[in-house]
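When the chains are written out, they are named A, B, C and D in that same order, and each has its own residue count from 1.
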Amino acid sequence: MLEKLKQEVYDANMQLPKLGLVTFTWGNVSGIDREKGLFVIKPSGVDYDDLKPSDMVVVDLNGEVVEGEMNPSSDTPTHTYLYNHFPTIGGITHTHSPWAVSFAAAKMDIPAVSTTHADTFFGDIPCAPALTEAQIKEAYELNTGKVIVDEFEKRGVNPDAVPAVLVSQHGPFSWGPTPAKAVYNAKVLEVAAEITYHGLQLTRDEIHVPQYLLDKHYYRKHGANAYYGQNNAKSKDHAAHI
Amino acid sequence: MLEKLKQEVYDANMQLPKLGLVTFTWGNVSGIDREKGLFVIKPSGVDYDDLKPSDMVVVDLNGEVVEGEMNPSSDTPTHTYLYNHFPTIGGITHTHSPWAVSFAAAKMDIPAVSTTHADTFFGDIPCAPALTEAQIKEAYELNTGKVIVDEFEKRGVNPDAVPAVLVSQHGPFSWGPTPAKAVYNAKVLEVAAEITYHGLQLTRDEIHVPQYLLDKHYYRKHGANAYYGQNNAKSKDHAAHI
Amino acid sequence: MLEKLKQEVYDANMQLPKLGLVTFTWGNVSGIDREKGLFVIKPSGVDYDDLKPSDMVVVDLNGEVVEGEMNPSSDTPTHTYLYNHFPTIGGITHTHSPWAVSFAAAKMDIPAVSTTHADTFFGDIPCAPALTEAQIKEAYELNTGKVIVDEFEKRGVNPDAVPAVLVSQHGPFSWGPTPAKAVYNAKVLEVAAEITYHGLQLTRDEIHVPQYLLDKHYYRKHGANAYYGQNNAKSKDHAAHI
Amino acid sequence: MLEKLKQEVYDANMQLPKLGLVTFTWGNVSGIDREKGLFVIKPSGVDYDDLKPSDMVVVDLNGEVVEGEMNPSSDTPTHTYLYNHFPTIGGITHTHSPWAVSFAAAKMDIPAVSTTHADTFFGDIPCAPALTEAQIKEAYELNTGKVIVDEFEKRGVNPDAVPAVLVSQHGPFSWGPTPAKAVYNAKVLEVAAEITYHGLQLTRDEIHVPQYLLDKHYYRKHGANAYYGQNNAKSKDHAAHI
């Protein structure tokens, strides 16, 4: 079942080592079929070299395994929670990419300080609070999803506009309309963290980009008036508008 | 048309991933035929793996597409503006290389602190100011070219002697007599930014190199008395002058 | 003799360059056969490209070479001491991986600041004190083992729960139930050092993770209730517990 | 002439890109035949991909080209000066490796803070002063050699025991008994700079290793009582001395 989605999720998982985002098996990607209410996720702790599309595990939105010989990622409850509460997303990525984890260890948002960030993230990447002892003991991975969703709600951030988060003391999660786009966003997050780290060491000035630059760069690539790339109606017009 | 220049621009674009200067599609190189008043530029948002010489787009100095099936880089108006105002340059490169972007995020010049920098850049690499809200709304990419040219004019810097710039909150542009040389300068800029970052963390002393060292290193590689490499009349003489 | 263990130790040694943990020949892995009381270790100063399984040297627990044409690693007395005093370990790795050595140079523990660390190390990675002049002159490599064991005893740290150490001014040692696991732990140590370094530069706040998070992450992967990966009885159950 | 030495110098030059020590053509290695009083050096500004053993240029100890179609490295006068004043060395390497250049930009010695450094360098790696305007104008490359030799003499440092230097505002030179060993030392210098940089950011404590540790590590690998590697009489004995 879901052979096409399994292939897509497999391909997205295999991008993680190619993009330098994982050490050993420390990452996972899932993708959802919204019509069927089922998602497909990498099995837990399997080497990328050994992974096959048929190893992907099918899970329903209650977190129950529907098909698959192997155990799904131990982060499956986090994915389940995010799919249930962010209804527009189609794929999720979790890694321990080192620049992003450094900000998570410091419990700091990744502030938007350049257009590299703003092209993908419409504002700071939030750092959700660390789980409390009670939350960890009750249901660790599920509550990891909960602190993420609560933080977006509390801040009034749209997860489609800022498709990533850090969880304090832990690391990054990203998402997107497809598994491939979730991986893309995981890479941008890591590059943005690297750039921002160095920018913050160079100066003690406030270096957030202004809202109007966020607007410009985000809408250059997203929405009805986007003109970056080959698939936007406005692209050709724009080049001439100088 | 311009088949030779298309190949040259294609080759220069393909150097960007080889030199570690781009993530995904975040970079572009163009080259100009000054006699015809036409330049050739990478199409927007195309993967380097999929790129072919015939994909290159031909644009005139009004920024109008003259030939090409694909949309040109969204940064085309910046290239157009630079070609119009820096009449001696033959190629332009734009990347989001991370060390350079870190300085742009911090809105800092890259000071000339070593001969690695001075061999290519005859002084600090300027950081042009961030665009104002009005400049962004009016014509973002064109005004990106304008703040660059204005900054060089205001400082009295010769773009042939300092063939690169940062734009605050955004990133680096470099140029040169050819597309290949523009890419070379983009790499030197990135290495210079890396070295300078670490030098600035090691000490709080002023570490600019003096003007006479800039003179020595720049003219060792450039101009009538250059003696570095194989194509300078003075090279062989020099080795014996000890 | 010990052909299977020699192959295993050879394979583990060859992982060191693949994981980016060694420059030149600066690393070694050993593995022990506890029943026979013999361990197998890399010869001293041999290029990884030239290494063969049959080059591995067999040493007894008095540190005497039992079989092998080549000199064993100069760190052999350290390995011997550790095998004698940490009776549960089956393999040892020593490298000069640069992030770990930076902490050793600064004579600092690597504090547990993220789950990346906590998944493998059940607390801070101790930095053992530098050897005194007398210790160095008496028996340098043996006393390197001694300061490690003394530090674990003094702190009451279980070497199975925190399977790595730094020696001040020198660098990291790691261990595990097998040579392959000792190398795995050497890599996690290096990644944890990289992440922690950057976390410590980002903030002056105290960023240790709390004990309950250490408990959660360590026991998620270790012990009777582990549920990460494919070989734990509890794994499948867990995914459904949301 | 000197075909064997040309091959040796060619091979050593080709190690520079493999070890990640050069960008573009920014590095050179030479080797000397002390009996003939001639040395062999890389030609100036030639891509490593295009380099052939027969391109190597033969130069005498007056710095005159004796054989070769191409211009020798523009740094030839520095090599000449060093061969004339450090009579025991057999090969020289110059690179712009970025960690080393960062210390040169900051005009700082690389302090010996770990055994990784002490295994190769018997003390701090000196940073020679920047050339004065008069020295640059008179004979830049020759005086680069002179400030190096003067600094070693002023400090009373033995160039065989500390086989590398930084020149302020410029970068590293290293040397050794052979061209290959000079390249090895260039790599150790770069790794030591990387480690030391991070150590210095982690703590404000004084972190120099003590003299007795320098003694131990240097003589473990060098001289009559060396026991590291396969070619030392003492190696096998040592392993048993625990």
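Observations on the structure shown:
Simple rule for what comes next: a contact is a pair of C-beta atoms (placed from the backbone, for glycine too) under 8 Å apart; a residue touches a chain by one contact, two chains touch by 3 or more.
Chain labels with UniProt names: A, B, C, D = L-ribulose-5-phosphate 4-epimerase.
Given the structure is predicted, the values throughout are model-derived calculations rather than measurements.
Per-chain CA centroids place chain A at a distance of 33 Å from chain B.
Residues of chain D found to touch two or more other chains are 201. Interchain contacts close the chains into one ring where each touches exactly two others, per the touch definition above. Counting only pairs that meet the touch rule, the chains in contact are A-B, A-C, B-D, C-D. Partner chain A is touched in their complex by these residues of chain C: 113-116, 184, 187-188, 191, 194-196, 198-199, 201-203, 205, 207, 209-210, 212-213, 216, 220, 227-230, 232, 235-236, 238-242. Within the complex formed with chain B, the chain D residues making contact are 23-24, 26, 43-46, 59, 62-65, 70-72, 74, 76-77, 80-81, 96, 98-99, 101-108, 130-131, 133, 136-137, 139-142, 169-171, 197, 200-201.
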